[in-house]
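In what follows, chain A forms one complex with chain B and a second complex with chain C.
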Partner chain A sequence: MTDFANFLLNGITLGAIYALIAVGYTMVYGIIKLINFAHGEFYMFGAFVGYFVLTGIFAVPPQGGEPGYLALLAALLAAGVATGLLAVLVERLCYRPLRNAGRIVALLSALGVSLFFQNMGQQAVGADFRKFPPTIAETRYPRSEVPLESLKEGQVAERDLRLTYYVKAEDGRDQQRVITIANGGEAIDGAQLATARDLAASSTLPAAVHAYPRVTVSNRHLLIFLALLLVSAALYVLVMRTRFGRAMRAVSVDFEAARLMGINVDLIVSGTFFIGAFVAGICGVLAGGMTFERIDPLMGLMPGLKAFVAAVLGGIGSIPGALLGALLLGVSEKMVEAYVSSGLRDALSFGILILVLLVKPSGLLGRFEGEKV
Partner chain B sequence: MSAAPILAAEQLDVFYGGIQALRGVSLDVREGELVTLIGANGAGKSTTLKTIAGILAPKSGKVRFNGAEIQGRSSHLILRDGLALCPEGRRIFPNLTVDENLDLGAYVRHDAQGVKDDVARWHATFPILKERARQLAGTLSGGEQQMLAIARALMSRPKVLMLDEPSLGLAPKLVDQIFAVLKELKGRGVTILLVEQNARQALEVADRGYVLETGRIVKHGPASDLSGDPAVRKAYLGG
Partner chain C sequence: MTQRSLGTHLLFALSLAGLAVLSGCGGGKPAEKSGAGKTETKTGEAPAGGKFTLTIGCNLELTGDVAPWGQDSKKGIDLAVEAINADPKSPFKIECIYEDNLSQADASKAAIRKLIQQSKAQVVVGSVGSNRSLAAIDVAKDERVPMVTHASTNVDITRKGGEYVFRICFDDDFQGQFMARYALKDLQAKTCVAVVDKGNAYSEGLVASFKKEFEAGGGKVIAEEAYQSKDNDFQTLVTKLRTANPDCVWLPGYFPNVGPIIKQARAAGFQKKFLGGDGWDDEELYKLGGPSIKGNPFCNHFDKGDTNAKVKEFVEAYEKKYGKKPGAMAALGYDVILVVADAAKRAGKADPEAIKDALKTVKDIETVCGAVTMGADHEVTKPAVLLETGETDHVFMKRQ
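And now, the complex of A and B:
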């Protein structure tokens, strides 16, 4: 049961990551009926912008810097804006000139853009993985504090007991470390307890022992959930309650009629690309960087494809559909990984893609429009 | 016929690929007038309106509106200039509510109160739109959609309204209703350029008319003259 709860939690986290990428896919498709295969590269680009802001401007050593929330916020904003602008440029140069050339042509252009960024990325920053700085100290919840003095050798720990302490990192900042004193159900080992006492005594900031239940969630994952909540709410308000959103919905069904309302269609399309890529860029930092911890120029490929599957599963063009599809896909992947075989994880995802396209191409929440003549 | 026309097309040549759709089409509309452009299917009526509205670019010729040349301008800018087109086939936004469609008609306006007043005004003119205000526009009947399309086009407070086949595909009773609305708009001083296949009713409400045949203007004059013209009667009014 505990295992299941942990798998579920991990699945939801993965789903939230897919969702943050999938909204951009689905918004762009909704408005110009283009599957923007370069969307995964926007996610990659955002991760690198975040990386360079943290290691450059904030001088964080990639191995272990935790400059905190302010630096994270700066990295997220920079990643979002830079990625958004890149997407506007890509649309202007690679998609807009092809708008009347047919959907297949634009799709091929998108594939080209995707490969271009993968290869240019390898050329520009190298093909090797880079360690992404942890950026914020990891805390797991829920937890309750236990006085270190109260722990005795041989005593059976009811829950997992871990010591959080701090050391000076190479950049001079205090860096958080965690060691396990005893797992739940085990007796406390004397040597381990002595080590913990030493570490607590030498800690540069006040150390503390916490008891954790078997199912916990990391503050990094909570950040992803928070980002998804904020993005969903903001998109709902934007699309349903604002002038821009009304124009978006109009453009999504009829370019020409939208122009006859005085709507600058090109501007709405640019805006849509910006918003979708802004969210993907943020996700690159939160997920690609802080959760998966290493980045490289090809990192966007698989998450991009998975987000595409999620968008199709939910009904491409539908924002709520993309959220639903992504969460379902994330949970399914983690369950298959846990109970069947981790090797089948990707096969499952693409199997779902094929199945949806065969059986219900409109997806769970989409409306099937067929080919427009 | 004193003041300069507010809208004038001069010698428009328009091509679809290699096929010439308009050949030297010229027409003009004066403020307060209701001018109709009649002709058979494929004569180039819609092409004329689309060219004036900036959806199509003429190969040669000019469009003057309100003292400026507007040919080649983007259609969203032409709407901002004050020239609205209510397109053929209504083209309402089915995924938006009736009121959202009306609001989009006023997309270029920034006077929130004025927009609100205008919505109320068109609700009063077309009570069915008020009844269905929060319904998706795609659920309206064809006639209701046409009312919405006309009201939406007027929401920008255009100086000139162009209507492309507003009676197309509607039941006779609804056609009468549409023409009653046009008459009412004319009474309020709205300047209208109307394209219609239903030549008889169009000439009844219009001040002047143009007859388009295979891309050329073949006749024009006061609507009553055209209604009395034997050739026009034979070709378009059923004898």
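And now, the complex of A and C:
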């Protein structure tokens, strides 16, 4: 049961990551009916911007550097804005001139942009993966503090007991470390307890013992959830409560009519690209960088395709649909990984895609669109 | 737009994306030259009078996932080539031609073909990874040019490679058995979970040979789990490990995955030892795994901390040239040139057929990783070293 809860939590985390990428896909499709296959590359680009901000401006060593939340915020903002501007540029140069050339032509252009970024990325920063700095110390919740003195050798631990302590890292900063004293249900080992006491005594900042249940969530995952909540709320307000949002909806209903009504459609399209890429760039730092800690120029490929599947599953063009589709896809993938085989995970995702397209192409929350003349 | 046409449109889009994925992996890097050409211009020597030129093609992972290994192999190879070309008694000059296989199997096939057909290599060295070597053996067979892998350990390479394929390192059966005996005797382990990098011939081979030896010795592999080399999130695997709670975990993968797996396992409270093979040997392991990677044993071909005289001499020369200490890939790269050079010397000419025959009779060549004698099965018998991960590097345990 605890295993199932863990798998579910992992699935929701993965789903949240897909959702942050999928909203950009679905918004762009909603406005100009273009499947922007380069969207996964925006995720990659954001991760690299974050990496260079952290290692360059904050001089964080890739391994073990934990400069904290301020540096993270700076990296997120820089990644979001830079990726958003890149997307505006890509739209201006590669999609706008083709807007009246037919959807297949624009789609081919999008594929070209995607390949361009993958290969230019490999030329510019190399094909090898890089270690992304952890940025913030990892903490898991829920937890409760237990005094170290109260622990006795041979006593059976009710929950997982871990010691958090600090050492001076090479760059002179205090680096957080964690060791397990005993897992829930196990007796406390004398030697391990002695080690813990020594480490606590030598710790550069106050050390603490915490008790954890079997199902915990990391602060990094909480940040991803938080980002998703903020993005969802902000998009709702933007689309439903602002003039810009009303214009977006008008453009999505009828592009030409919106233009005739005096809406600056080019501005709306650029704005949509900016917002979608801003979110993808942030996700690149939070997920691809900080959580998985490995970045490379091809990292956007799979998440991009998965987000596309999520957007189609939820109904492409619909923002709530993309969120729902992404969460469903994330949970299904993790369940297949846990109970069937990790080798079938990707087969499942693309199987879902084909099934949706054959049975209900408009997706779960998509609207049926009548033929436009 | 109707429902049907939306579906068709999206399906079409996906198939295009699939195409893009495939084409994104193509393309190679132009060949690099080193060895005789460079050395000659540097020292200003006249073209070698009376000496013949031996062209060695190197099919290596110079970029891609395991590029650090390909690059280290190249450094070892260059060092050996330099030494041989500087030796006036050598009956030939070596010219080394490098081809990058991008750490991909299909690119490896193209690389070895190019080395043989265009660069006219008389003998081919490489690759590092078993998948790349397995992809290359058919080309060596068809073209009738000997191929010597210095670091690929999958057993099928020599079994399926036939007449023209040789190996100078120990194989997966050896590594799996070695670590299974260590788990049973030194760790007193009774149960184990094996974790395989699905689709990686090296990892699958090591799981099979470990399991056989471990269960023959009275242990039990209670579960086999799998991951994909592109995975980043191992939470599911870690949850399963905690629930299975084995005495140890057999994790014969490559360092880009091993680091994150152990790190995530330790963060989730899984405390048992992970055991591995030569795929763990890289500094990146400690960057990816952080300090929590400490205390996990693995076997390897070579260690820079070894006290053997030949090893010390090699480590000094390597450090002088490159400013850092060599890893196992550099040592094997060095060794493979010594073995090939010995065969070419006895063959007396730069002829693939003659070199192939001479490779079969390689006997007692002193290399950095121990004395090498080629067996009838095109395999060598060698010692292994046992190492253990520390916080920032591995520590030498024993050689046996």
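The definition used in the following text is that the second predicted complex is superposed on the first by the 368 of 373 C-alpha atoms of A that agree within 3 Å, B and C clash if a C-alpha of one lies under 4 Å from a C-alpha of the other, contacts with A are read in each partner's own complex, and residues count from 1 in each chain.
To be clear about the criterion, a residue touches a chain if its C-beta (ideal position, glycine included) is under 8 Å from a C-beta of that chain, and two chains touch if they have at least 3 such contacts.
If you're wondering where the values come from, they're calculated on a predicted model, not measured in any experiment.
Enquirer: When the two structures are laid over each other on chain A, do chain B and chain C clash or fit?
Expert: After superposition on chain A, chain B vs chain C: fit, no clash.
Enquirer: Per the contact definition in the header, classify A:Gln63: touching chain B only (first), chain C only (second), both, or neither.
Expert: Touch partner of A:Gln63: chain C, not chain B.
Enquirer: Looking only at chain A, is it chain B or chain C that touches more of its residues?
Expert: C
Enquirer: Between chain B (first) and chain C (second), which, if any, makes contact with A:Asp174: first, second, both or neither?
Expert: In the superposed model, A:Asp174 contacts neither chain B nor chain C.
Enquirer: Now for A:Ala257: first (chain B), second (chain C), both, or neither, which partner does it touch?
Expert: first
Enquirer: Vertex at chain A, arms to chain B and chain C: angle between C-alpha centres to the nearest 10°?
Expert: 130
Enquirer: With both complexes superposed on chain A, which partner does A:Val265 reach: first (chain B), second (chain C), both or neither?
Expert: It touches chain B, and chain C stays clear.
Enquirer: Is A:Ala247 in contact with chain B, with chain C, with both, or with neither (first, second, both, neither)?
Expert: first
Enquirer: Give, as a whole number of angstrom, the minimum Cα separation of chain B and chain C in the superposed three-chain arrangement.
Expert: 15
Enquirer: Going by the contact definition given at the top, which residues of chain A touch chain B in one complex and chain C in the other?
Expert: Correct list for chain A: none, the interfaces share no residue.
Enquirer: List the residues on chain C that touch chain A in their complex, please.
Expert: 1-4, 6-7, 9-14, 16-17, 19-21, 23-24, 27, 63-65, 67-68, 102, 198-199, 226-228, 230-233, 235-236, 239-240, 242-243, 256, 260, 266-267, 269, 271, 284, 286-288, 290-292
Enquirer: Under the touch definition given earlier, write down the residues of chain A that touch chain B in their complex.
Expert: The touching residues are 243, 246-247, 249-250, 252-254, 256-265.
Enquirer: What residues of chain B sit close enough to touch chain A in their complex?
Expert: 53-55, 74-76, 79-80, 84-85, 87, 91-96, 100, 103-105, 107-108, 152-153, 156
Enquirer: Enumerate the contact residues on chain A facing chain C in the complex.
Expert: 3, 6-7, 10, 14, 35, 37, 62-64, 103-104, 107-108, 111, 114-115, 118-119, 122, 126-129, 131, 134, 138, 140, 160, 162, 177-178, 180, 183, 212, 214, 218, 288, 291-294, 298, 301-302, 305, 308, 312, 316, 334, 337-338, 341-343, 345, 350, 353-354, 357-358, 360-362, 368-372
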